[in-house]
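Below are two complexes that have chain A in common, paired first with chain B and then with chain C.
Showing the complex of A and B:
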């Protein structure tokens, strides 16, 4: 294992820990930019969708992974973003480029309204309240047809950029790609600076964080608002991609989907959010490919996809609670220390019972 | 996704005959009694959450699915094996108890001590899995569950009470009484109480703590099965009926997660208030009223009505 001698506190805040990392990310960027030219429309569309979920997963990871506040209603923020863009562009006829930032701010603003209960609650209580919030927004969408189109949904066209039409999947892919890069950098900046460290401190111990001078209320409010903003932007990008939004796009299943992304990818990690979003979005493709290998009586069942999905969640929690990124780190570590790897290096630490009831 | 649509259809079916905003006293009591029956079902599901949570610290999001599985097992026994109703109830309880023990021994045992968040996600995964598998076994059709009681509605003054509702309330009261006697007077019940209070001390007292976990999973699966058998005749029998479990969560949280009387009171409050809101306010408010009540209560009392505020000592 490489140990780096850090000579100043600023080195902790560097964007890349090693200069050599930049090469890898550069190659990845080039690959992503030429992706639509050889991959075809179908995969470009899927990767665009995965990119949108990356943004939402990053936001949820800031709230849940870094700050330790569980949200089971994140699809609501996603919905607010999508409907803001839908209402502004389809019904009011404004430009997408004005609607998109407003989508983020609208979701962030609604996130602020959730702060009042969220500040006083933790753990399961917060999870249930956010879940209820998801149901409430879901119902509001259905009962407010003037803005949301109600059960009929809204049709949304792809935007244009000056003289350029972004109608093709490839051109919209680039819009999403640029947004993903911006949001990854933003997340990186949040988590490596004082704000992100305050989030982590609050997650690990509220009492300790408070006694170090971290204002709890302010930090939690920040986490909720930022997370809502991410989900709003993701929703705003989502609406024009699929062209049609209805209340069924934003159910509790969608909220669970987002949480599964960050769990499968890895909590409190940027890489994890991205791995998870891509893995879960493309999972249905993987399942479709894998189906052919299975006997027909199993693979032809209606609920096959749901069963596989549930199984994946359970298996990840049983065997790899650190997610895909955790597994990647372990494999990397194995090669770095090659003959000296010990089985117990990453042994899971089990918390004492009752410790989690209090905070 | 069509699950949401189905969920709404159920909720609309629930309020079927009661929704006409006439603001009179007869309607109030009508809604009150039917809300009580609904609240009893919520209370039973919430009871299942609380039993498991108190003993093992697992928040079981699959409780609604347990209920669904229980109802389907009973349905299969009646419909395919033609077992009489009351024997079916006993057999279903035994099968569900075995299901709970197996689940604990095969899976949940390995997760003891994991962070609460992982456990929540695990049970959500379990819920999705059970729902899909139930869809494979019993198809995605909607079935009519035979009701054990039939006949005319009973007139109480000007309020008509459906015999099905009477059965739900009576059975819940009986079950709660039995559970109370079990926890208060039997050795097993007292051992369970000790385990929920302090696992380490219980262990030192010679209680088989791991065995208690199995017992509590079995108990909670049985309570869920009773809820399923009571709910299925008034509602439909469908693989997605477990979504009602999500409405029982506010009930458990409202009472203070981890308090058995709290779960029952919480269930009744949610059932009655949402029924009244559906009748006297807007019909669609009914679906989300549980959460509105919950948020309002938690803003004032973050630990729920009967919860104990546990503070961390530094």
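Showing the complex of A and C:
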């Protein structure tokens, strides 16, 4: 067991609680840094894609996991980011480095349009409205070819950095790696300060949140714009990675993809967003590759991927509601207390039923 | 001038007159108890004062300022904190985070300062934590700091809710049935805390309470409500001996039997 005597309140606010954590993350960073040199282009490309989804998943987790508002239209924000970069670089010829932040801001700004329904609706109703929002953006992409290339899509080149070309998969990997690290730190700051606590407060009890002086409208607006910003940046990084974007890249399936990432990874958790993004990205790659090995009546089935996702979500909700991150914590704990771990260490304590409360 | 003055407050729900022409004065520094049978309108009165309900007529004036139509999230900023009859906690957050949320309205750091964790945000966190630890010490919540609310026993949850309200640093605190569901030991602690809240923290208390022993022990003055109207007010002894109060508590039939 690790135990730490804390001597100042700052120690609870540190990025790394234990020295060993710092060592662990250091090793991880070194691993990620040398990854392209031995893993080859195929895996580097896939990890870059996973990194981009990490950013989007972090943003969606702020909205859904922390603030409790479901968005089934997040691919739309992603699309706005991607097309902003596409339009600014390919059509207008500006630099990627100007286009990227604008991609974030454009998505955040459009996110404001969802605030109004979000203030009035919750749960499944909000999910439906955001889904509708996704369909609207899909249509806009098709019907606005001057900006989006319409059904023909847009070609987007990898950026350059001064004299440096970032054309290779490895060099673009580093761009995304840096962005992922920045967004993880940003998210960490959001959740460890009063802003993040206010999100959780709004999620758990709007009544109590108000009685703490938290303005619901402001906090929900913040959550939507921040989340939109993340998805916009992710989309902006996505476009040059795959070089070509069309309406097919941003369908409802993509939105569901993102939701699956945070549910499977772990809601309201930074680790969870990352685990989920990597897991689902690699999984869809495996499905794509592994499909051929399956009998035709299965692999040719429409919605095969969706069915696999559905199955995975069901299994997670049944057996590990806290997602991969929850499992990770348990395994970590097992090693820390070995050999004292018992089978029911994590059996959930009996919850206080609402009906038992005295009136 | 009273700290809180409620004048001719009326609130209807459809055909139900939850409050009719209620007058109530809470003086600075006192513990004021609101009693009355179930459905008398006590919680409704709290909800009107804290901005959750809009009364049809009448006013609530706090420190000379009309707060009748103030939004609920602005009420704590004026200096009024409250707890809820049915516990409104952030159930999936830790005790520490719950109480830290009591410091939300005192925050000064901007969005960017927090997003970048600049020294202003850092200091604000440490400052909030210092205040929260004082409250934790006051209510003996040390063992539960990192526990998630949903796992705690009911009595401790109620205590956390009180702690969270105190962390707001209010001038007036509204406690809706703070002793309901507590065992006798917890109830005794609560009585001491209410004394301390009044004497040491100098916070005025308005509480709804059914337990007459608690009322006798902590309250300076009592107001009794029945069917949405004030039927008596005065010291605990006066109110308890008031015939209307006895009538209200014993019910029509028993009252008739008693007088017969």
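In this text, the second predicted complex is superposed on the first by the 298 of 359 C-alpha atoms of A that agree within 3 Å, B and C clash if a C-alpha of one lies under 4 Å from a C-alpha of the other, contacts with A are read in each partner's own complex, and residues count from 1 in each chain.
By definition in this document, a residue touches a chain if its C-beta (ideal position, glycine included) is under 8 Å from a C-beta of that chain, and two chains touch if they have at least 3 such contacts.
Predicted model, so just to flag it, every value in this text is computed and none were measured.
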item	value
Chain B versus chain C as contact partner of A:321, first or second or both or neither	first
Touched partner set for A:216, first chain B, second chain C, both or neither	second
Which superposed partner A:207 touches (first chain B, second chain C, both, neither)	both
Chain touching more of chain A, residue-wise (chain B, chain C)	B
Contacts of A:335 with chain B and chain C, given as first, second, both or neither	neither
First, second, both or neither for A:31, with chain B first and chain C second	neither
Which of chain B and chain C A:195 touches, first, second, both or neither	second
Those residues of chain A which chain B touches in one complex and chain C touches in the other	207, 351-352, 357-359
Residues of chain B defined as touching chain A within the complex	1-5, 57, 59, 107, 110-122, 124-136, 139-140, 199-200, 239, 246, 249-250, 253, 257, 284, 287-288, 290-292, 294-295, 298-299, 302, 304, 310-312, 314
Residue ranges of chain C touching chain A (in the complex, touch as defined)	38, 50-52, 71-77, 81-82, 84-93, 97, 100-105, 107, 109, 111, 114-117, 121-122, 124-126, 128-130, 133, 150-151, 153-154, 157, 164, 168, 177, 180-181
Touching residues on chain A, where the partner in the complex is chain B	64, 70, 116-117, 120-121, 123-125, 127-129, 131-133, 135-136, 138-139, 142-143, 207, 247-248, 251-253, 256, 259-260, 263, 267, 301-307, 309-314, 317-318, 321, 348, 350-354, 356-359
Sites on chain A touched by chain C in the complex	8-10, 12-13, 186, 189-190, 192-195, 197-198, 200-201, 203-205, 207-216, 222, 268, 349, 351-352, 357-359
